[in-house]
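The next part holds the structures, each set out as structure tokens.
Both complexes shown next keep subunit A, but they swap its partner, so subunit B is in the first and subunit C is in the second.
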Partner chain A sequence: MINLIFRRILYAIPIAFGVSVVCFSLVYLAPGDPLQTILPSDASAETIALVKAAYGFDQPLPIQFLRWLGRVVTGDFGQSVATRRPVILEVTGALSNTITLVMFAVPLAFSIGYSIGVAAGCFPGQWIDRALTGTAVMGVSLPNYWFGIVLVIAFAVEMMVLPATGMGLNGSAGFSIFRWEDARFLVLPVITLSMVPIGIISRTTRAAVAEVFNQEFVITLRAKGLSEMAIVRHVLKNSLPQVLAVMGLQFGYLMGGSILVETVFTWPGSGFLLSKAIINRDVPVLQGTILMLSMVFVATNLLVDLLQAQIDPRIRRA
Partner chain B sequence: MADTLTLNPRALPAEEDAPPALKVRGYWASVGFRLRHDPVTVFFGCVVLAIVLAAVFAPLLAPFDPYKESVIGRLKPFGWKNHLLGTDELGRDLLSRILYGGRVSLMMGVVPVLIAMVVGGTLGIVGGFGGRKLNTAIMRTMDVFYAFPSVLLAVAISGAMGGGTINGMIALSMVFTPAMCRVAETATAQVKNLDFVEAARATGAGTFTIMRHHILGNVLGPVFIYASSLVSVGILLASGLSFLGLGVKPPVADWGLMLSTLRQSIYVNPLICALPGAAIFITSISFNLVSDGIRSAMDVRM
Partner chain C sequence: MRRIMRGLLATTALMLGVWGAASQAKAQSVVTVGMTAGDIPVTTGNPDQGFEGFRFVGFNLYDSLALWDLSSRENPSDIKPGLATGWEIDPANTRRWIFKLRQGVKWHDGCAFSADDVLWNYARVSDPKAPQYLTQQMALTRTYVTNIESMEKIDDHTVAITTKVVESLFPYSMSYFLMISRCKLEALKYDWNAYAAAPSGTGPYRFDRMVAHERLELVPNKDYWDPKRVPKHDRLVLLPMPEAATRAAALLTGQVNFIEAPAPDTIPRLKSAGMQIVTNKYPHNWPFTLNFERGPMKNLKVRQAANHALNRGEFVELLNGFAIEEYTTAPPGTPYYGNPVKYEFNPKKATALLKEAGCYPCKITLAISTSGSGQMQPLPMNELLKSQMEAVGFQIEFKVMDWNSLIQIARSGVEKYPEIDGYNGSRALLDPLSALIKPVWKFHWSPAGSNWGHFFDQEVEDTIAATLNEFDADRRMGLLTKLHELHSQHALMIFVVHDANPRALSPKLSGFVQAQNWFQDLTPIVVKP
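And then the complex of A and B:
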């Protein structure tokens, strides 16, 4: 197992390196010079050269990249063009708000999605399977930014029982999930955020469970005279690695994919920060947020890999 | 009993009332048969066709000019002065805008999938058929792009490039290519060691000929099915980019952009504001169900 952990981490390092290369090159995808936002348009050639040297833009690209990487590793992501605050502060603050959302969306989505998938997979082809699979397809096809607006229309505009947007009077700093005046701001974004993972997880779980049910060992179990409950237990255990893999992916998608939902609810999380950075053409923030989120994603994938190996000896031996 | 009969149709006595299901069909004929007898797929196939036709013939179908504004006719309810679906925040006819909006939304959703199918498919076949080093180089590069959540990667690339329709489509193509490449690579790796490839090589066929004649046909199925399942994701993501302001620029009609501008008016006329999103939802669910139907009809397991 130790050997495996070591190998997986070794495999994740080049991926993480590649991810940082992509994040670094984002600056150069932007039209025009990266210095355009800082320099006045009538700057003399001398000033431009001076500023270029000051920011290290006169160096060849690989040197620039290594310097940037060195700063990033020590937590220095540069300064936000819009607010002049260090990017690291902006990103960590926003990330903690996103984690608040995801912390509630994950148990909700995973438990409902898994239950739907198991119920459908145990009765393939029957009406209960059709009804649940139909619901799951709706979840997968749902534009969650639209669903959020529909929820706001229903619960905030028409019924006026839940707040529409934001994090409450105290804002991000004074937010407490233990006070209902604050926590009620979570309800609609959390529901919106969990819809798509519910659809995806229930579809995968259904497929995995139905597939295991078709394997020969189930016939053996039945021939041995095991009760239907015991058989289901065996089947669920065998379908778990596959389900776990998708759940891990979904966790990463929730962290990184909350941008649309956060924009709908003006929830001051990492996604909202990202959309603000895009509007302000704030490249350092854009770069920092994306780097942090994708590193979380890489780390999640690594953890899921190891967890899978832990519960499934077949993977461990491979 | 029925199974053995299907397997050996000549053993059947020539009865006039022999059920048609016992006829022996080719692969495509049986795929067509299964599709035709799947009411859900047929129905949603028709919906997809209707949506595509409505977008293509939008200039003929739209009852009003989608860009004609009206100061007094803003955010009017359904059926107001012949505006079947009401008007938007600038007094433009919503039905016409939804019809026109389908053009941009469908194009931004479908074109990247096609690009990714060609680019990713080619890379996957080359990677699967080429040597170990080539395979490692291609697949590890794809792994890096796989390490981003898809929404994040799309937003990052199109955001850094400054938004716009073309940049959005480039970003979505880059999001879909790695996944497509993986599907093609897996399929190629499964086929390339089979006997018929060996036989082709023994008859003196070159690498390119084998790839084109023997590998491509076997890879196309999984790639096509995977691509069809991506169209729905493509439409969702494309509209999402427009929703964030990274797609078309106003006043061009696009479902995602319409949703984001109408969002400010939910307190005035909530029903109208939800409409463009409903169009996205219906389109995406229809493509999804058709793709599911094609997958089970073609009986490809992925």
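And then the complex of A and C:
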């Protein structure tokens, strides 16, 4: 097991390097000016040149990349062009706000998605399967941007029972999930954020459970006279590695903080930070956020690999 | 029993505490603004986030030597004395301005404002060797101080500013140069991040609290030097809310009580909920800036045809009435408006002009953005523009891009993008230099300045030279009026609409006067309980 962990961590290094190259290149391939936020729209060429030199954007791209990489490996992600705050503070602050959302969205999405998938998979082709699968497809298909706005109109604007936007009465700095006045700000974004993972997890679970039910060992179990409940237990255990892989991806998706959901609810998480960095072409924040999020993805996948190996020894031997 | 009594007492005390806190919170009158900005504007001096940054943060925390008079709804606003009580040109040198500074002004940290502070602030944005120099502030200020050659202290309350070239409109530039406290930055040992979290100016509001990216809270500066502008509420909370739907929902749910730029289609819903919709003309236009180097737009007849092709009433209708038809650069009522050519909707004339110009069908490429500061509803408006212009004989290819990419085109100039015949960028026409001179002056040919399409006309050049050398206000206004009329005679742009700048306020707010300006004074707002 230790060898497996070591091997997977080694695999993560080239992935992280590849991600950093790709994210650096993509940021520069996109049209636009990284100094847009701090330069007036009628800034002269002379002013632009002065500011570019001061921020190091006048250097050739490979030099800029190597300098950035050199700083990143020492833990220095640089400063935001727009706010001058250290990028590491910007990203960790935003990630902690997204984690607050994820803490509620993950149990909600995973438990509902898994339950729906299991129920549908146990009765393939029957009305309950069709009804639940239909619901799951709807969850995946609804654009969460639109769904979030609908929830805001219904519960915030019309019924006035929940707030429409923001994170707590006084912002994230004083936010407490143990105070209802703050916690109520979570309800609508958590529901909106959970919709897509509920749909995807339930579809995957349904397919995995139905597939395992068709395997020969299930016939053998029935022939041996096991109760249906005991058979379902075996089926669920055998379908779990496949479901876990999708759950891992969805966890990464949720940690990335959906840009659209966080923008609709002005939730100051990693997705919102990323969207602002894209709009402003705040290159250091953009690079830092993408790199951190990709590391979260890599770490999540590593964890899922280890869990799968723990559940299914065949994977460990592969 | 004693334990029960203790428990009861504790509960009562807690409830009283909660009730006390609640009534204290109720007693506070708070103006909470949903801004269109995507982030809190920087607090280190001149703000980012365009003029919205100036409107809500810059001019609330800080003052400049000249301030904008925002007290009237009816009259176009102009500059007035700010930290300077007045200014005059040196009779012996028309490049040397003497600014008399206001006495008795205190920074929020208690230090006194003096001439040394003005010089120190100039070094902050111009001298890379000065400890207070900050590149970001240099970038945000450069446009306004670029004509300054030197600054000198005459006495503690007088400074002289010498410009590089004669510029009779120079005091306008000083209205955009905000002064920050030297005392505070020195006390913080030039730590700009610490300063950003505890800024100090002379403005009508003091900094109180900030949650990065989420909210900025300001409280009244009770010692403000202009007693008429001491805020009439207890707190001003600024929240960035770039989504129009989010701002409207926040207003309807009571999370905010003042929103910027509600989308036109949400206004009936806001009105039905009892919200006040305030609107006014202001110096803004939504035109296409054109290419004078190459292509069809070099031809005056093609430019006139484009302007005659537009039925501007339909644009106003599309925007639910929250726009004003635009026939020339500035909106009617501007002091230098004069008698410009009015390009009425006349499709037959437009087609005839295109045929006369030998450009029929007339293929043009226009750059437009999907959104952006002051861009109104760019996609539906441009769809309408395309349909109207194509109906008279144009063939339009749109290059659609995000706001940042469009700004890059605007900054880089026509030489880098010769294939583009025009771009759709809203313009702030606050001062005559930005509104009338920069877009047509050869000195400002891109990329050195904002004459993007390299417009040139000798009569225009002569009028500009005369304007900048004219120090008599009435005679200068005559020259500016002539310049404005020349804009329309040359059909300088494709003129479409002026924004009517709607805002929505809770019925509990009163006292707000929407000035004809990009900046607004929030200090008179009273919040009813």
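Following the convention adopted for this analysis, the second predicted complex is superposed on the first by the 279 of 318 C-alpha atoms of A that agree within 3 Å, B and C clash if a C-alpha of one lies under 4 Å from a C-alpha of the other, contacts with A are read in each partner's own complex, and residues count from 1 in each chain.
Going forward, a contact is a pair of C-beta atoms (placed from the backbone, for glycine too) under 8 Å apart; a residue touches a chain by one contact, two chains touch by 3 or more.
Please read these numbers as outputs of a predicted model, since none were measured by experiment.
*Asks:* For A:T266, decide between first (touching subunit B), second (touching subunit C), both and neither.
*Replies:* Once the two structures are laid over each other on A, A:T266 reaches subunit C alone.
*Asks:* With both complexes superposed on chain A, which partner does A:A230 reach: first (subunit B), second (subunit C), both or neither?
*Replies:* Neither partner.
*Asks:* If we overlay the two complexes on their shared chain A, which of subunit B and subunit C does A:V51 touch? Say first, second, both or neither.
*Replies:* Once the two structures are laid over each other on A, A:V51 reaches subunit C alone.
*Asks:* Determine, under the contact definition given at the top, whether A:A82 touches first (subunit B), second (subunit C), both, or neither.
*Replies:* The second partner, subunit C, only.
*Asks:* Output check: A:K276 vs subunit B and subunit C. Expected answer is one of first, second, both, neither. What do you get?
*Replies:* In the superposition, A:K276 touches subunit C alone.
*Asks:* I'd like to know which partner A:G93 touches here: subunit B for first, subunit C for second, both or neither.
*Replies:* The second partner, subunit C, only.
*Asks:* In the superposed arrangement, does A:S294 touch subunit B (first), subunit C (second), both or neither?
*Replies:* first
*Asks:* Regarding the shared-chain residue A:G166, is it in contact with subunit B (first), subunit C (second), both, or neither?
*Replies:* It touches subunit C, and subunit B stays clear.
*Asks:* Pick one for A:D42: touches subunit B only (first), subunit C only (second), both, or neither.
*Replies:* After superposing on A, A:D42 lies in contact with subunit C but is clear of subunit B.
*Asks:* Overlap of the subunit B and subunit C footprints on subunit A, residue-wise?
*Replies:* The answer is residues 31, 149, 152-153, 157, 263-264, 279, 281 of subunit A.
*Asks:* Mind pulling up the subunit B residues that touch subunit A in the complex?
*Replies:* 140-141, 143-145, 147-152, 155-157, 159-163, 232, 236, 239-240, 243-246, 259, 263, 266-267, 270, 273-274, 276-278, 280-281, 284-285, 287-289, 292
*Asks:* List the residues on subunit C that touch subunit A in their complex, please.
*Replies:* 38-39, 42, 44, 48-50, 135-136, 138-140, 142-143, 146, 192-193, 196, 211-215, 239-243, 245-246, 249-250, 252-255, 401-405, 407-408, 410-411, 425, 434, 438, 447-450
*Asks:* Taking the complex as given, what residues does subunit A use to touch subunit C?
*Replies:* The contact residues of subunit A facing subunit C are 31-33, 35-48, 50-51, 54-55, 81-85, 90, 93, 149, 152-153, 156-157, 160, 163-167, 170-173, 263-266, 268, 272-273, 276, 279-281.
*Asks:* Of all residues in subunit A, which touch subunit B in the complex?
*Replies:* Those in contact with subunit B are residues 14-16, 18-19, 21-23, 26-27, 29-31, 137-138, 140-143, 145-147, 149-150, 152-153, 157-158, 252-253, 255-257, 259-260, 263-264, 274-275, 277-279, 281, 283, 286, 290, 293-294, 297-298, 301.
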